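Only one structure is covered here, and it is reproduced in the block below.
Chain lettering (A, B, C, D, E and F) follows the sequence in which the chains are written, and residue indices restart at 1 in each chain.
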Amino acid sequence: MTQHSIDTNESRLERGKRALAEIDGQAGQNVIAALADIAPDFATYVFEFPFGDIYTRAGLGLREREIATIAALAALGNATPQLKVHIEAGLNVGLDEKEVVEILIQMAVYAGFPAALNGLFAAKEVFQARKSAA
Amino acid sequence: MTQHSIDTNESRLERGKRALAEIDGQAGQNVIAALADIAPDFATYVFEFPFGDIYTRAGLGLREREIATIAALAALGNATPQLKVHIEAGLNVGLDEKEVVEILIQMAVYAGFPAALNGLFAAKEVFQARKSAA
Amino acid sequence: MTQHSIDTNESRLERGKRALAEIDGQAGQNVIAALADIAPDFATYVFEFPFGDIYTRAGLGLREREIATIAALAALGNATPQLKVHIEAGLNVGLDEKEVVEILIQMAVYAGFPAALNGLFAAKEVFQARKSAA
Amino acid sequence: MTQHSIDTNESRLERGKRALAEIDGQAGQNVIAALADIAPDFATYVFEFPFGDIYTRAGLGLREREIATIAALAALGNATPQLKVHIEAGLNVGLDEKEVVEILIQMAVYAGFPAALNGLFAAKEVFQARKSAA
Amino acid sequence: MTQHSIDTNESRLERGKRALAEIDGQAGQNVIAALADIAPDFATYVFEFPFGDIYTRAGLGLREREIATIAALAALGNATPQLKVHIEAGLNVGLDEKEVVEILIQMAVYAGFPAALNGLFAAKEVFQARKSAA
Amino acid sequence: MTQHSIDTNESRLERGKRALAEIDGQAGQNVIAALADIAPDFATYVFEFPFGDIYTRAGLGLREREIATIAALAALGNATPQLKVHIEAGLNVGLDEKEVVEILIQMAVYAGFPAALNGLFAAKEVFQARKSAA
């Protein structure tokens, strides 16, 4: 996917499905699957709004978008599963492990040392799982 | 300042003062000045830890660091003065206004529409103040 | 607007504009207007997603939806402008002032006494403004 | 329990015990039991203030009160055990599963998609446990 | 007030009024007064639960209780009016200005530098108002 | 360690290591060890800033500092592992179990009953682990 070639005949849903697959990979698919029997409409919204509308906007690259998402989720500190998905996503769209670690260390300044620590331990799990899978 | 030429003879305090001046400009100086009569030691820590230790680390550029900071502060939503300082800082280190707006719009996904709205209104004030000052 | 007669030929944008006007009234229009010169696309998203997609869903009445929104915004405590808009909105869709006060008092249990107090003071301002305007 | 027939000779503690049993059922009793050896006084406060004072107030029905509580806890995102208790409680006092899902979906607008997702997954566990127990 | 001589014939309301007057002084009275026309019952709860039940408990001194409250409110960062009331209260029950500053500086570690900065600026206003009033 | 005899020839790192060992004991060492393969620089910052700079400052005793930390972490509610470490730390520097319980009960007022409950359950685990280890 390039951000600058949005096919205007493509629906938000189709565009979002394509973007989610590219950015979040299998982790994203698992979230969608888990929604099937409780709130399938919400799965549609996840495709359409964050991925069909937002991540596919021009004006900011996917690597930059994942920096913003990782920082926000680590700072909020109450959405560890989503933080892990987006650490994975960041690595998928061009961040390296060192850069992810730098983002998380920096959160000590803005959200406190516990937020940074918990973010780093989430990253450690993601990095290890990727090594095991490789 | 380039991030890759840290003078190891320079103290954390000196390095932090230099980094704060480059990144936050006058807005950062104002924060430091406001601390003088209540907690001058904390002004020293602001120079030393966020700026002397963190922003001057290699491994992630200043533009990327400000993306992370703007995202985190907009998501937390309880530090508007600091968000404005870092929107200004982001513009100082290479983000353009459009990119700042994209980061803030994206926060609707992770922290809700009110967080994004309040971030956008903070950005509007910063952009207008810069135009008035220009 | 009734929630059960969604015109499927109506776009999300049109449906959202209609819902926002009904629910949030002038306060909602002011938010949209304030976005015009900083992030007009975000104004479109505000129409489309919260109002075109969510508030117009069947399955929960608008009065119940505003109970949920007032509670959430008071508990989060970092979005006072939006809390005021939704206290106004709650009154527009069938809550009375006493019910709004009950929701806010209850937030003392889940988000602490300061959150409840600040919510009640926001409500006080909304109630007074409505009396002045009447 | 009807909210409008408060027996003024009944103590806050007795009234709270009765309300907690009706609203939260076994899940509430488990919380109280778990407090016995660490902070029995706090168990008394839980009976007295949230249940003896607040939930038994006139002015807002229990169904509406649970909408507010579910919304607040899902938005705050840092109290999953209590969110589950109150999803259960909501079902006990008249909400159906579809309405609970609607409240949680709506939190995507005010607290972000991760808060909504984590709320939905908590609801899924509660719904499944009730089916297993039936 | 000593914490160890609770008069058991005194009602929670009376005890809370006495404790609020001693701890929060005029600032507390102002909060209560502001509630009169919007939620007088909530004013009663403020007297009864935080002040009648909690602050008058044995087991922890008032000076220690205010350390905990100042820390919590500065860390949460979304209740500046209440933080100011409790900085004032802390000074009323035995903290000196230097100790208040230390508590707020320490919050940089647990809630980030912006939370500490905003807490320090709140303290600066309280300290200056007391000097003006002296 | 006494807070008033800071050896100025001692580096921040050495001072922080000594303070962390005294305050957090084994629990602190475990955190540092867990950082070794993901972000060893962050382990250094943990020694230097919170422990080398802040906890060793004069002006507030360690017992008081741990009251502030326990209160803040319980109120934020999104850093349970760190809350447990600091409940342990509080007991190490002079708080007794009853005082820890009082701090956590008080958080019901400022951050809601769920925050207090979750803090109390964290304390229960720490108290039990210490008994098992004794």
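A few comments on the model shown:
Please note the rule applied: contacts are C-beta pairs under 8 Å (C-beta built on N, C-alpha and C of every residue); 3 or more make two chains touch, one makes a residue touch a chain.
What you are looking at is a predicted structure, and each value in this text was computed from that prediction instead of being measured.
In summary, the chains found to touch both chain B and chain D are A, C, E, F. Counted by C-beta pairs in contact, the busier of B-E and E-F is E-F. If each chain is reduced to the centroid of its CA atoms, chain A and chain E end up 41 Å from each other. Averaging C-alpha coordinates per chain places the centre of chain B 32 Å away from that of chain C.
Among all residues of chain A, those that touch two or more other chains are 41, 45, 49-50, 57, 73, 75-79, 82, 101, 105, 108-115.
Listing the residues of chain B that touch chain D in their complex gives 75, 108-115. Within the complex formed with chain C, the residues of chain B that make contact are 76-78, 101, 104-105, 108, 112-118, 120-121, 123-124, 127. Residue ranges of chain D in contact with chain E, taken from their complex: 41, 45, 49, 53, 57. Within the complex formed with chain F, the residues of chain D that make contact are 31, 34-35, 37-39, 41-42, 45-46, 49-50, 73, 76-79, 81-82.
Within the complex formed with chain F, the chain E residues making contact are 49-50, 54-55, 57, 59-60, 64-65, 67-76, 79, 82, 98-99, 101-103, 105-111.
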